[in-house]
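Notes follow the structure.
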Amino acid sequence: MDILSLFVVVPVITILALFLAKGLKQSRIVAMAGSLVQLAMAFHLVYAYVKERAINDDIMVFMRDVVWYEDFNIHYAIGVDGISVALITLTAIVVLAGVFISWMMEDLPKEFFVSLIVLATGVYGFFISIDLFTMFVFYEIAVIPMYLLIGIWGTGPKEHAAMKLTLMLMGASAVLLVGILGIYLNSNADGGPLTFNILEIAQVNIPFAAQQLFFPLTFIGFAVLGALFPFHTWSPDGHASAPTAVSMLHAGVLMKLGGYGVFRVAMFLLPEGAMDWSWFFIILSATGVIYGALGAVRQTDLKYINAYSSVSHLGMVLFALLMLNKTAWTGAILQSLSHGFMTALFFALIGMIYGRTKTRDIYKLGGLLKVIPFISVVYVIAGMASLGLPGFSGFTAEMNIFVGAFQHTDMFHRVATIVSISAIVVTAVYILRVIGLMLMGPVKSEFKDLPKVRWYEVTGILLLLIPITALGVAPLWISDLIMESIKPFIQGVIQ
Amino acid sequence: MSFSSLLIMRHEMLLLVLILLLIAGEIFIPKHKKSSLVHLAIFLFGIHTAVGFLPADTETLFGGSFRTNDMIHLFKNILNVGVLILLLQSADWITDKLIGAEKGTEFFILLFSSLLGMYFMISAGDFLMFYIGLELSTLPVAALVAFDAGKRKSSEAGVKMILSAALASGISLFGISLLYAATGSIYFDVMAISMTSSSLSILGFVLFFAGLGFKISLAPFHFWTADVYEGAPIPVASFLSVISKGAAVFILLILMFTVMRPLIDAWQNMLYAIAILTMTIGNIFALRQKNMKRFLAYSSIAQAGFILLGLIAGTQLGASSIIYFVLIYIFSNLAVFGVVQAISNKTGLEHMDDYNGFYRTNPMLSLIMLLGLFSLAGIPPAAGFFGKFFLYTAAASEGYYLLVFLAVVNVTISLYYYLIVLRAMFIRTNDHPIPYFKNSLYMRLGLALTVIGILAIGMYSPIYEYIHSISSLLN
Amino acid sequence: MILGVSIYEILSLTTILFFIGIYGFFTRKNLISVLMSIELILNATVINFVVINKYMFPEKLEGAIFGIFIIAVAAAETALAIAIIINLYRQITSVEVDDTTTLKY
Amino acid sequence: MNFSYTILIPLIPFVVFLILGLNHKRIKPAVSGYIGVFGLMASAFLSYFTAYKYFFTVPKIDGIYQQITHKTVWMNFTDTLHIDMGVLIDPISIMMLIVVTTISLLVHIYSRGYMKGDPGYTKFFAFLGLFTFSMLGLVLATNLFQIYIFWELVGVSSFLLIGYYYTKPSAIIAAKKAFIVTRFADLFFLIGIITIGFYTGTFDFETLNDPTGEVITNWASTSFMGLSVLTWALILIFIGGAGKSAMFPLHIWLPDAMEGPTPVSALIHAATMVVAGVYLVARLFPMYYFIEDGFALNIVAYVGGFSSLFAAIIAITQKDIKRVLAFSTMSQIGYMMMALGVSGYDGHEGVGYMASMFHLFTHSMFKALLFLGAGSVIHAVHSNMMGDMGNLKKYMPITNITFLIAAFAIAGVPPFAGFWSKDEILVAAFEYSKPLYAVGLIVAGLTAFYMFRLYFSIFHGKKTAYKHTPHEAPASMTFPLLFLAVMSVVAGFIPFSNFVTANKEPFEAHLNYPLAAIAVATGLIGIILAYVFYKNPTEYPAKCRKAFGSFYKWAYAKFYMDELYFFVTRKIIFNCVSQPIAWFDKNVIDAFMEGIGSGTLKASEKTKKMQSGYFQDYAMAFVGGVVVISIVLIYIFKN
């Protein structure tokens, strides 16, 4: 068994083991063990990847190719580069943190963890796939558990939110499907066989007309998951209703599939289409960046604030991807990672606050710094990371994006870039608004005695906080790792 | 007629023997032991199914009226497996409801006769055989629909079914007569050669197609479906939606790809419209259904629309993906019908709201339902995803991107109502949920087979590859 | 082959017959009458087959045989339909179309 | 010469921050105070050592001080563009090191007394450590991006310290305001940095500032709207600096920032952080000076001059002692900016630059002293308002004396430190432009007046009855006062032009006696007026107030700048942009998406009637379908 397939096999084993487990105690132990193994594997993968990269010059390493459906030339083809390795590690960390945060999941614990790990399986599979079909399969596997996760364990108008989220995402994947089919059916443009293999398609010169037609489909299909304006409305409602760990996983990991897919499929395979359409999507994504930030300013529900903030931050990812250069792309991937950790941390904290105070309305909360100092301090740190404070991951990502975006000298790109950059001020406004209203201020009488933070919560928080800081303090290693992997892709675009 | 020609008609002969044995059983088995008849029937049919998988030759009989090859053989096997699962799932219902009313054997005989009709229909080499097979497959089902003799709904459904079916077959026959006029023959082989794209043959074709469209329940020939499903006993509705529809799709596939091939320009345009109409109407109507049977009726209408995607392509890829899809559809739909039936048998409840909180009392059944619905909705890793994907590929490879797009939009709509069922089972809670119940061995076996089918058909690619290789026999 | 009568006239007749059947199917309020309309349709078809066979392709008897089979099957069909209608009648003591509309929407 | 150990200067406070921050519940207050103080002592010692080593042991090349850098790549943007982390040793960075470590050390010592008994004692020291670290990192930065990084960190530590009393609503608002306003300015700074990076291919100060280098000789290569892009970039960077240094119109956060504990105000909002903008311009001085013949530098000069006048006028009217000091700070920084703006480059022409740095140095000493003195007073009186004070000289002799020394220093009375530096600034301004000189002179007079107004109202004036009898502060607080008082006297005698000059080449500065006499006279007039007005309670202030009427009211209301900002942010951005967006999102975009769903459901209900239950209707659909399809196929498609 190759190391990559293990990322699918281990979760599946965990799921099977979970079916045997009884009650909360066993389920969470099993889930934790499974996720720990995943995390260990992720770290090992990083190590192995770096070692392999030193001697291997291919675009992807650890490749494995098993024919699945011969008639369609569908393969179970896997392989990773620096980007997928980084995102896999992100996933492993967030999943483990999610398990810890859900340590006290009383209602149907087994099912909860099963759904959570099904989701994780899909995400892992998506990141390791280099076959479009396999990728799409994993994509759907990752998306669909959200329905049950939000529906069963959510709060508020959960049924509606779950339905809306699922339908919008599946609607997007419908669009995506057409795009993928279009790519597939044009993959013989140079006379070769039809293929789903990304690396092989990248060698093919897909006719311009086809690129023009299928790029927007593929882009939108993926980008809806990345909360592209104006298709982002599932995200606030969905996140507001979702249970903590689900919000974490969804915003932290699942939404990354969007950017990753755009990068790996839409941009890589349809570079001419990307260039042809980039102006349009730049408008959308730049709007999303500033719109999400401004939208967050007037929200009162913590989760809504964070959801709109995600719209803004992920808009930045798409924006960066559309800049079609190495620096911006590195920034996009870094932003994906950074946002993944950050927003997961946010949702974890929001979950803890909500669990203690039973409200997420920032006007009802106040003075939490005094009562639950640990959570509040981490919230401040997360907030600072979110507004791009140096020393945290957000900064390195955003700087790459801005510097990259600035490489375009024409007026249109300049304006879009400056609009996006200006979001960092708005971000500061809404982050500080939350901090000021919720954490600072006099302690409210109803929140005098809130339970202290527990060990599993601390573990979950630290799991997320450490990478945020590490990425922010010492970005060189990871950014070079990513940049190295981007090179073959950017060459495709330049050609 | 030599012995070897009997072997060629192996399926038909065995099934006939089976029917006769059951008649004998009806006569000789004493009244208080009649329930053993169920075991006997299922056992015998199991053997029949197993024997069906033995390899067969490519032959024709009766001067070309009857023909068989590996593909037709496969069709029959697929139908057999479906019927077997259906029988396993309905065993309880038959034992409880029918044996007591001394109607058990009749049920089997009617069911098997209908299946026999389908065999002939699929194997038909001319329109006469086709027509006889069609009628033989339809009429017993009409009787079965009205089988709940004490229930008004059942009788009403029966009336609607038989009258609509009669009209459909009448129109279809009129069409066949026109085709006969246009080509001078009723033999498929001859017609395929002499068929031209004249107005007469197009008119004949459309009239004829309506008859099969009725069986597959394509819009606008679908209206009977929901009423009949609702009124019919669940096993019969299940049979209608799965086996009957499957058989009709198979023969339609054969006819379209061989006899009607010269009219391809005409029917591609027609199917384009019908596919969209069928999917959309099925979905739109399904959205508001609360009765499970009625809900599944519309769902099955929508599913039929997808089948047309492969048909439109008109390629081998299209053919193989249709066969594959029907196979998956049979398993998926049987899984869903099986659960509905299990619940209905124990509690008599068929309303969606009664399912609220079902997961918390009966997790296994709910999970099977989930799997079945996901397969119908086309969510991986359930097989339905693969079936649909290949259909899309088939259509898209002929350039029907817009159609594929509309189809996937429809899938999203369909996902909504499938999720509604899951919402009831998993998300909603109920003060008085359906209590936990244990299913009989037959039921469990029937459901287990569907689960295995749903999971294996998609993930295990040799099944598709076999179908693909065999579908070349069409041309 | 009937002297002085061309195939067009007969086909016109059968077509009219066919549509009378259709019309009857649409408009009759009694289930039995509806059944009778179907018979008209089938009869039109049978005549079609026979006439086409006789006028156009007289060398083989395919159409005529088809016609015979249709007659036979139609009988079976009618019998079954009557049986089901009677079954319904036993429950609601009516054979009116208006009484068969409880299943809808 | 190896100066890489200087990295320890910022790192020691950072370690202190980590130790105290991570263990703030476990470490006892007494211990944490010592950890902070000793950490800073080590840093300060290293700074002094570095200064000695640099100025006296490193040989000059052609009479020019060398620039020494040690750096390592922190992050790559492109093959050529990258962020480095490292230390840059040159005269101004050394001067700043001394300022920052000295003041920070004194504030640490002072805080041990001032913050005694505060529940967040350890946390406070942790924050101080964080701030010192960031400020030192900023000072030592080798490139624009590094400076930006620490710039932001400084901002956030300022935010944390202003919001130190986080249960107090006014402190929260002040902290938020400080952060957001400076961040708004930083936005321009960032764009400026990126512009420079893009057009010059480097962020590195060494390359950028080389007067013979590619960047400066080739500035005209790309232009945008009539100006060189580099000029634009420099203007943008100056906006960033103006934000941090509270230049008009980005000054509004500074007075509110006084909500923080007084030692913080002394350290951050008087002596170190607020001069970062000045430091930034000084750091890029060759660029400012050479590119487009100093176009951007002119802007610096005029903004500086205007701000200093503007702030001085407001300072006269304020009643809160810390606000008076805050506006005074703003005014003095404006002075420094103006000095930079009017400076030349070579030799004696660069006197403005030298004066600016000199003033930065002396100002940090006496302004810190003023703040710490004010802190001591506030500590004793438990109020910030002048009205609650009076005649404190009786109770607080040391504070009184030191405060007086500082007041003399800032008023420019010889031989106190302020005199020397201010004089040089006026000389530079005089040579550059007479109106600016006039502004400088007026400000000098106003400064003397408001400072002594402050002094007299606090330490003299009416005999106030105090609830608790005020008493002199403990030794930990008076020691820094005394130390700074000494510095305020002697700092002026440092031959600054031997160390810090625009082109790093020492020159001899001479006192310009006529100008000095005029300046001193102006200062003395201010002092005398203040004496007359405020030594004892008199009618004059009220009369003056009446005489100036609405102008006084405007000045007292800080010219309604806060209200203007408030209007723009709350009324326009919140209500006219953000609120509509929230509405738009909910009622247009989301409603559209929801509408697709509910529309489909509605369609489902509407079409219900199609399934009427009459099988004859079904048959009609059936036959109708057949007919339509036939017609369409035969007549439309069959061709």
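Order as written gives the chain letters A, B, C and D; numbering starts at 1 within each chain.
By definition in this document, a contact is a pair of C-beta atoms (placed from the backbone, for glycine too) under 8 Å apart; a residue touches a chain by one contact, two chains touch by 3 or more.
This one's a predicted model, so the numbers in the text were calculated from it and none came from an experiment.
*Asks:* Any idea whether A-D or A-B has more C-beta pairs in contact?
*Replies:* More contacting C-beta pairs are found at A-D.
*Asks:* Averaging over Cα atoms per chain, report the distance between chain A and chain D in Å.
*Replies:* Roughly 37 Å separates the two chain centres.
*Asks:* Would you mind pulling out the distance in Å between where the CA atoms of chain A average out and where those of chain C do?
*Replies:* It comes to 65 Å between the two C-alpha centres.
*Asks:* Where the CA atoms of chain A average out and where those of chain B average out, how many Å apart are those spots?
*Replies:* 42
*Asks:* Rounded to a whole Å, what is the gap between the Cα centroids of chain B and chain D?
*Replies:* Once rounded, the distance between the two centres reads 78 Å.
*Asks:* Which chain A residues touch at least two other chains?
*Replies:* As it turns out, chain A has residues touching two or more other chains at 163, 167.
*Asks:* When you check chain B against every other chain, which residues touch at least two of them?
*Replies:* Touching at least two other chains: 159-160, 163, 167, 171, 226-227, 416.
*Asks:* Residues of chain C that contact two or more other chains, please.
*Replies:* 22, 25, 34, 100, 102-104
*Asks:* Among the chains present, which pairs are found to touch?
*Replies:* A-B, A-D, B-C, B-D, C-D
*Asks:* Taking the touch rule as given, give the residues of chain D at its contact with chain A in the complex, in rising order.
*Replies:* It comes out as residues 73-78, 81, 83, 145, 148-150, 152-153, 156, 159, 163, 166-167, 169, 171-173, 175-176, 179-180, 183-184, 187, 190-191, 194-195, 197-198, 574, 577-579, 581-582, 585, 589-590, 593-594, 597.
*Asks:* Can you list the chain C residues touching chain D in their complex?
*Replies:* Per the stated touch rule, the residues are 22, 25-27, 34, 97-98, 100-105.
*Asks:* Which part of chain C faces chain B closely enough to touch in the complex?
*Replies:* 18, 21-22, 25, 31, 34-35, 38, 41-42, 44-45, 48-49, 52-53, 56-57, 60, 62-63, 65-66, 69-70, 73, 76-77, 80-81, 83-85, 87-88, 91-92, 100, 102-104
*Asks:* Could you list, by residue number, the parts of chain B that touch chain D in their complex?
*Replies:* Answer in residue numbers: 159-160, 163-164, 167-168, 171, 197, 199, 202-203, 206-207, 210, 214, 219-221, 223-224, 226-227, 265-266, 269-270, 273-274, 281, 284-285, 287-288, 413, 416.
*Asks:* In their shared complex, at which residues does chain D touch chain C?
*Replies:* 608-609, 611-616, 619-620, 623
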